[in-house]
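Note that chain A is present in both complexes that follow, paired respectively with chain B and with chain C.
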Partner chain A sequence: MTNTAHTIDTALYDAVTDALRAEAKKVLESGTAAAVIGWQAGRRRGSAVPAIVTDPADAEKLIFSPSCVNNLALYLTKAKKEVREKGKLAVVAKGCDMKALAGLMGENQLKRDDVYIIGVACAGVYGPAIRGNAPLDDGTLARKCRECAAELPEGADVSLGTVPRRPAFTPHEAAELARLEAMTPAERWAFWKEHFSRCIRCYACRQVCPFCYCEQCLCDRNRPQAVETTPRPAGNMAWHMVRAMHLAGRCAGCAECERACPMDIPLNLLNRKMAKELKELYGHEAGFQAKEKGPLAEYREDDNQSFIK
Partner chain B sequence: MHIHKEKHAFEPKIVAFVCTWCTYAGADLAGTSRMHYPANVRVVKFPCTGRIDPVFILRAFQKGADGILVSGCHPGDCHYMAGNFHARRRFAVFRQLLDFIGVDLQRLQFSWVSAAEGGKWVEVVTELTERVRAQGPMPEFKELEAEEHWSGAIDTPELNAAYNDI
Partner chain C sequence: MPKIITDQNLRLLIDTLVGEGKRVIGPKAAGTLTLYEPLASAEELSLGELPRRSAKETFFPLCENILTYEKSSSGTTVHDIDPARFPETVLIGARPCDVAAAPVLDAIFSWDFKDEFFLERRRKTTIIGLACTTADDACFCTAVGLSPADTRGSDLFLTPLAGGSYRCDVISDKGEALLAAHAGLFAETDTAEPVSLAEPQLGPLDLDRIKAWLDTHFEDPLWEEIAARCAGCGACAFLCPACHCFDISDEGSEKQGARRKHWDACGFGKFTYHASGHNPREVQPHRYRNRIMHKFKYYHDKFGQRLCTGCGRCIRACPVGIDIAQIIDDINRK
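Up next, the complex of A and B:
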């Protein structure tokens, strides 16, 4: 890897912040939406946290910066009833968040008419543990953003900002995926066993995922118990396989699960692998358009069955 | 009628998840026709292959299965019209996941066996049993099941250094 520093021009974020405040004010004053879900500055300098703004005067609080990592689509699922009760909602969405919104619409969790989407151009967000006002470069950029081709969401009600020309980053996740695929099965088993064994089953990955909205997760059931709940290696392996299967063909690739994981388990690697397989097998890709049925909710009579005797 | 029984050093445990309408009836037919097949297979009956959740497969591996068979009605013959079509996609994807995690796909077989195919049932079960026998016991999930270590084990270099500094 050549070490020429790649730095992203962050002028975009201030421009978007101004446009966002004006848009939020307009939306709240005109009654287009009862609340705007966005980000506001966190207590630590340079950090950001999700915010739900209902008063037009508070629109000034909203910001957009490389610290705005959260995928706000999470607040529109059934799991967050208290948010939906506020009335028609406006939500701020980056490209990867927009894919999650489209996915939720496809799954009938959300009606397009019930939400006003404020799309924002995005040049990338910070990776883990980066805070303050660090420059956005090779060292600080989130992994997913290195390979992102969705910087400007499509299908939003309004689109703010234009994406600056981004330097070409060396992909990290794609390289890691290729490295794993080239391993022997025994090496892959050892790799995942080590990672999964560290899982403490805090379920942060589940809570943060817009698609984990089941009122009762299979992994919490104990009569009968499908997945052992103790954070032991056996139960952890089962939990991770169930998570990967239940999100296969639905995951939007926002990498929130990986970001939320306190044990640094490379969850997005599994997500990416499943996405890759679904593309190869059934031509499915997460996109900006809501699809009526996901690849594992439909079938074709002539689907490949070469593995079946 | 007695057939010669060979003694093997290793008898694999095979779990067969089958649908009640086709494969179970097919296995039944094999029995009533007095066909012989390895006694290694334990049959678990489901209403439909569409009801066979991948966690059942994981659970069976964890509890000691060395090989697993999932079998149901041929495409187009599903009692519930499309259960097997859905299962086909789900298992196609699940196989890829297992492979990515590092599980040997030789231990897993999928098949369509109709109620009239007693012979095919014998064939499928015999083939899988012999294949798994040749591979030996499946250690991965059993080892995992036996491991008791607390997953939050503190073993990073930083923490060790901090501990040694105290």
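Up next, the complex of A and C:
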């Protein structure tokens, strides 16, 4: 039974799709960008996949739907040099993706003038394994979207669509964080140990993360080896701790790592925890503004040092 | 002549095998997913969902020691792992797409180098396959010449019957031996009807035609079109029943440690990275091309088999929606 009080009106997505096609066509025809990175329909019913469109005639293929889960900022990083070689890129960004773009600009990975950002209003996307024309509601909405406050990207070159009134959803991530924080350190350790024991080191979490653009990942080093590379408890734990620390204050909350994990490890929970710590300690959080330096990349006399024991 | 085994007796068979000290591997619920794992008892068998990872781990573990070492004042001692100590194993309830990968893997692991770790586990494993009654839109075994009732690689093969029993077909001598050792649990066949089996959407593709195209299209815009969006993770290869690349790493301290064999994937940027600094597969489209070529051309050139059984795991897991079934379907139409 669908709880209509908790169902999102999805008319927005069709309106955005129409506007997106027109905008992409204009951008390609005018030469504003050599390629538009967006989403197109996949073969499987109701699925959407990233698309790199260079021909104005192909702008018609672009879609926006609750299946458009990917954070396309990934394709603007130096990890995807074959995409960057196409020339100036236009990218479609939801609110959470926009934060990643702002983060990349802050870290000098992307110049604002080198990218044309097509912002799209977003009322939420599907959680894992939901596709087709399922209603967007309590049962199908991605966890990250339940408490989203970035439905409209700020700082885009153009913004498409307006967000319908969204029902209030019970927060999932905040509740899970509270549950985690109520645990004793030993219980928390056991919680993560159990989750990380399933990790197979496929690195899907790293590869879909816009902030994991390092050309030499610490975890690929073998001379000397910094972190055990084999999928065993010690290396798995080390890998996920290294990643959590590297993303602290940088993670934009797109939750792509968690979505991509084939072993269902709740990675965004770890990211949210780190983001919360950074906010409490330094008053810093990832947003729409490009900041030159995050709190872990600079030293200030008045830095909070209460955690040093 | 096929036999019949009731669900109750199938579970009794599992408990009996466990009681005999055998390693029994079958689908088991593990948190939010199902995995092929050692069963402590028949109660743990969970046949509803396709396990997230394939059954190849029965012979080719995610990670295993191939030797260990210790250093002391008197010198260094190296301990080899003795494959003779690997346990007798029964893999039960494995899907046809997983089981069909076993003979495919046999070819590579018994080629110029005989991989004792793989081969000894294979020798010691009896496989009881299970026909599929459901398929989703990622399943495409039918496109690559298999089917939800394909017995390739199985020693015994179960087909669900209306009423909860299974028809059991003997496929190999190994299967015959297992059945003979537990004959009391099986009955002669009667007229029980099989339940309807799964029907994947994609019909058979012309694999020779696909290979012929691949033979002449190492360079083609298709690779860029498909693979520019590939994120370069190893989820597809790690979940695949037929992918078999591995790396070997030495890990430990100066006092003790191990040499380990663990899964690797051609999607990784460092997979072909040379010590010289040169990388012959510099960008993701080159790496993804290798994946398709390996599955539908190179492996066939070398071993006369295809390196894909249509399980669809790569399609379900791909974070950027790359769909191998669509790719070979498109090539088939070219």
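In this text, the second predicted complex is superposed on the first by the 300 of 309 C-alpha atoms of A that agree within 3 Å, B and C clash if a C-alpha of one lies under 4 Å from a C-alpha of the other, contacts with A are read in each partner's own complex, and residues count from 1 in each chain.
The definition used in the following text is that a contact is a pair of C-beta atoms (placed from the backbone, for glycine too) under 8 Å apart; a residue touches a chain by one contact, two chains touch by 3 or more.
Please read these numbers as outputs of a predicted model, since none were measured by experiment.
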Once the two structures are overlaid on chain A, check if chain B and chain C clash or fit side by side. clash
Thinking of the overlay built on chain A, is A:E292 touched by chain B (first), by chain C (second), by both, or by neither? neither
Have a look at where A:E60 lands relative to chain B and chain C in the superposition and call it first, second, both or neither. neither
Considering only touches as defined above, state whether A:D9 meets chain B (first), chain C (second), both or neither. neither
Just to be sure I read the superposition right, which of the two partners does A:W189 touch: chain B = first, chain C = second, or both, or neither? first
I'd like to know which partner A:I200 touches here: chain B for first, chain C for second, both or neither. both
Quick one: is A:L74 in contact with chain B, with chain C, with both, or with neither? Answer first, second, both or neither. second
Which holds for A:R232: it touches chain B only (first), chain C only (second), both, or neither? both
Residues on chain A in contact with chain B in one complex and with chain C in the other? 198, 200-201, 231-232
Contact set on chain A toward chain C in their complex: 42-45, 47-52, 70, 74-75, 79-83, 129, 198, 200-204, 206-208, 220, 222, 225, 228-232, 235, 256, 259-260, 262-264
Interface with chain A, chain C side, in the complex: residues 30-33, 52-53, 62-63, 137-138, 224, 228-229, 231-235, 237-239, 247, 249, 251, 260, 262-263, 265, 268, 270, 283-285, 315-317, 319-323, 325-326
Per the touch rule, the chain B residues reaching chain A in their complex are 53-55, 58-59, 62, 75-76, 82, 85-86, 88-104, 109-112, 124, 140-141, 144-145, 147-153
For chain A, which residues are in contact with chain B within the complex? 180-181, 183, 185-193, 197-201, 218, 226-227, 231-234, 236-238, 241-242, 244-245, 248-249, 270, 273-274, 277-278, 281-282, 295-297, 299-301, 303-305, 307-309
